[in-house]
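Next up, some structures in structure tokens.
In the two assemblies presented below, chain A is common to both, partnered first by chain B and then by chain C.
So, the complex of A and B:
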């Protein structure tokens, strides 16, 4: 009896000791959980800015800390060293990258994040059009008084609109290595009346920013990927409509080593505003023309840069042997002929009838 | 008594534990396109040999693998049982060392390795000491608790797939020349041997086990294809644990947990506990049969202490991979020789029995 009791209790102790995990315990009040990280490369060094929310009695204060280092890890380590708590990047939601840094390339930064795994691969990437210092300073004052966070602008259930391209760390990492797909990253700046203003998207090719597109073009980008619903667009000064649904149909052909793509985009719209004389027919035609022109411009721009942000190379994976597929961006993509057709369907006109 | 359910559950759980970690990486490394061919060859080999194995075992309805070999003679039992015992011991060491490393890579980056290994080993040893009935009952419990989250994450991991990455379809047979392809058989050969050990305790229907193996086929396919469909071959081949990286990218707004990876991994690690305890139990069965005098509890404890010490001496992931490779020869011996030998012995004894009757 006694022996059994002793044996059982010994066993329980043996099991509870490793289970408790007592050696690396760090209470939550000794952890700093930044939600936004800014990265700028200055010469050989990385400058890292962390935006750390600190809950006080009624509101959340936002603290900004800055440090430089040869690597991002070193910079964060230095912050940890100089702060009274340790910095944990587990809850990082947004990484803001300086524009110059993006133009130099962010491949190393991204592989660092994926490798170390502390930063979630779902973190959103954003490029900042101004100096990071002034951006954070401008944004911070406004955010503290209104008690919001930067990532609210990018959350689908919060302030996101279809003009904003959402690109996560893993997608950007994929585009660095994938043969046939690139990404776009939203560009922001601090706004005058609003906290943040969205100024378009960066075209990233293999982890380097090569060009930028406007926010209207970003909407087309999102529409092409099936995420354009609920986006408002203006039409030729005559009317404005709301996209309620969109569907993309692609037909691809590969003849004589040249790719051809026939792309039909069907969108359903609702009329929001219409000026006198703007009949449904006029609105429909104008919209179709305007959209396809805009799409052609967007495509011409990205094709000239050899950046496949629409992921068109994906359609030709079966046509081009894998050894050649590597050269998709340089050998095949510039020769791609894209025929885009928009088909607009006006679903309804709201409370006021509109002449058809 | 027919306890097929227990055996099926055990079969599925132990295989799931093995599939999602090293297997996708091995297949992705072994070929650059048409991975289905590599997967299907593995699956076909698996089916052929479990069928042979079970067919062979069915000649001896109330005997386990050890008594079958002992019945066939001393030399036969040495030829087959000694490598089997070595193999099981090595699997035990590799599994514990590899999975504790995986745990540190994925989430417990600050926890010392010795603690994780001690945890893995002590719990499995505890289950193994309690015997085969406990292992199987635990299996049912773990299935009820942890199979739902695993399946949920498995289906959720389709979130970011881009089916275009399925192409190009045509496969070259270049993977036959790759080490990684042979290593991928770890996922096939690790789990099925136990079917020969449970016979006197649990009887099962052959058909149901084959059905369970069929049910596992999608997991084999998609554990490889989900990383490829999400990232593309060029990117997926960069990852140590491709499937885990994909699970990290799952974004579910309505779920209150940010990282589902944790649930997925912890669920699979409970299956690993089960797998390790099953292996320990099998090893001890063999040892005990050869040296019946020693109490089996002491054998298990001594065995796990030995395993623990060896694990402590493996310094890094590269060495784990090396061990994995050295183990391959033995693995194919086990995968091929044991089912065939059991079948042959079975045929032989059946024929002999008939002659005696006549």
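So, the complex of A and C:
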């Protein structure tokens, strides 16, 4: 009994120790954990910029390192070679892609990330509207003084606002390989008085940037996806309102090989400011009209680009045979008729009653 | 006569506290035999004299007097009785050995509050070394006609008394019979401590979980009696041994029931939480710092990296060093006399609290982890359980240092599997309640 026990445990130890490879482990203070990665394609080479926070005695200093390579991995490897600790992309939160690179297509970059597994598939994608070098230099200069991180801008419980579209690496990767869905990626630039300014969103079609939409339109995009328009202030001619809740109801039909979509978006608002004479009814009608016009414009734009960033094709997957599904973007989507209705409920008017 | 006397004398001649005193009872010459160290001879003689004077009034013979004083035994038993602290009266004429109960020297402490367990709300009596006193304490706690007790004397050269208690109406009879059978089968073996008792009862001596639930409190012992457990008392061991032991005993105290139910549940959850913290936290530190830092929030990762800046050892070595220092402190404070004890706490506090961190040997965070672990360990009931958890902690640290978070999970699974494999008297360790099944009764 005892002998058997000792023999088994010795065997287990002998197997575990060499198989685990635990001597290759580096402690956390010997790893560099970049949080932001910038990627730009320059000719045949990739330029990779890493933003690495480095803890010092009292504050966290942010270091920017740059390297080029034939592939992204090679560039990172070169950085790792030249730094005192090894670079680990485990904590990478944001991948910032140069606009020109995005227009050329990011399919290769994304499949590399998904394949190598080192970068979390939850990492956010962002497109940069200016030269990456100047963007990182400006951002870093602004951050030095304030000691905050760029990714806070995109954190739901921190600096995120409903104008910003959040797209993860896996979502973008899925859209490249899916027949019926595309993604939007936020576009940022370095701000003048703020660290970052949000410019709008890029319309990505099969991993290539084909157009851009404004931040107001991005808000509608988020609303459509149920990303709650909570906390958003909508300004009109006669009043400004705070959107507190939103809900989307879609009804889809597929008649004679033509898709029809009836979309009802219910929005609850709170009135913040109102001009004299603006009754609840007027505010409500104005808001409904303004929103539905804006939505129609957005839809017309993306339909013209044949980019299905709203993911409407998902509704018709059961109606279209598998063999024809790959024609969704070219044959069916441009023919889609969208009937969007906004329904606004004024939840309250604050401490001052509005004339009704 | 001379034969008996010389035989007993030969046995104990080399003991200076052994006495043979010649005396006369009703004009018959007798010898008193016994140990000075156990018997108060003067008082005993007075007592005997008083008894005899009393019997003389009824005109009885010496024979009758002696039967009243005690019972006649052969030489072997008489020698054993002497060891037990009895007085032997030997008649010079017709070689008889009478064993009587003398006035013994006060060698037992009185019933005191427990020293190893704390009672918050509940009775403060605790068991003492004397077996009879312990039985009495239990009888006082539970006024039930169903309480049964059985005594054994075990060991051949070194005798030890063993008592078994159970409640007839709530205990599974099979369990009682099994325990009795095992003890009777091993009556020849010397049982001097819990380990040898466990061996006699047929338990493997290599299990890391103690086979008995040990308590100093009569209240707890009675609580377990009512739940259908068997209680064993070992002479000169000031605690009750409860059989079988179940996992749940680590977290449940009878005195919890003196609180309102929500508080009771909260307290028990807290103990479970404490045990889990002790098991997981040190391993988690190693796993997160060395192997899976991707789980951490980036802010936390950076602050941990900052606190480890300049620490020369890998996380595993770091935590093992500090855990061992901590164990040494715990062990040292148990060993040292109470007067020097605080010194260890102070020195240990300085080592753990400040100097080690300032010398950059370990990180700040580790000290926090260690403190939390040590505090959490102590929430578990029973010192022997605490030792089990303390030991399991190391297995978890080693697994975590090899496999990271996966190692912690597999460690927990392994520990659970081990606990599930333990059985005592065919009752699984993970059994929730051991009340007797109605079906077993008839």
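Note that in this section the second predicted complex is superposed on the first by the 333 of 356 C-alpha atoms of A that agree within 3 Å, B and C clash if a C-alpha of one lies under 4 Å from a C-alpha of the other, contacts with A are read in each partner's own complex, and residues count from 1 in each chain.
Please note the rule applied: a contact is a pair of C-beta atoms (placed from the backbone, for glycine too) under 8 Å apart; a residue touches a chain by one contact, two chains touch by 3 or more.
Model, not experiment: these values are computed from the prediction.
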A:120 contacts which: chain B (first), chain C (second), both, neither? both
Would you sort A:179 into first (chain B), second (chain C), both or neither based on which partner it touches? first
On the A-aligned overlay, A:31 touches which partner chain: chain B = first, chain C = second, or both, or neither? second
Figure out whether A:244 sits in contact with chain B (first) or chain C (second), or with both, or with neither. neither
Does the superposition put A:104 against chain B (first), chain C (second), both, or neither? neither
Common interface positions of chain A, toward chain B and toward chain C: 91, 120
For chain B, which residues are in contact with chain A within the complex? 32-33, 105-106, 109-112, 115, 118-119, 122-123, 126, 162, 164-165, 167-169, 230-232, 234-235, 238, 245, 248-249, 251, 253, 258-259
Interface residues, chain A side, partner chain C - complex: 1-2, 5, 16-17, 20, 22, 25-29, 31, 33, 35, 53, 55-56, 60, 88, 90-91, 93, 120, 149, 151
Counting only contacts in the complex, chain A reaches chain B at residues 11, 14-15, 18-19, 21, 23-24, 91, 114, 117-118, 120-122, 156-157, 168, 170, 173-174, 176-181, 311, 314-315, 317-318, 321-322
Chain C - residues contacting chain A, complex: 204, 206, 288-291, 293-294, 298, 301-306, 308-309, 311, 314-315, 401-403
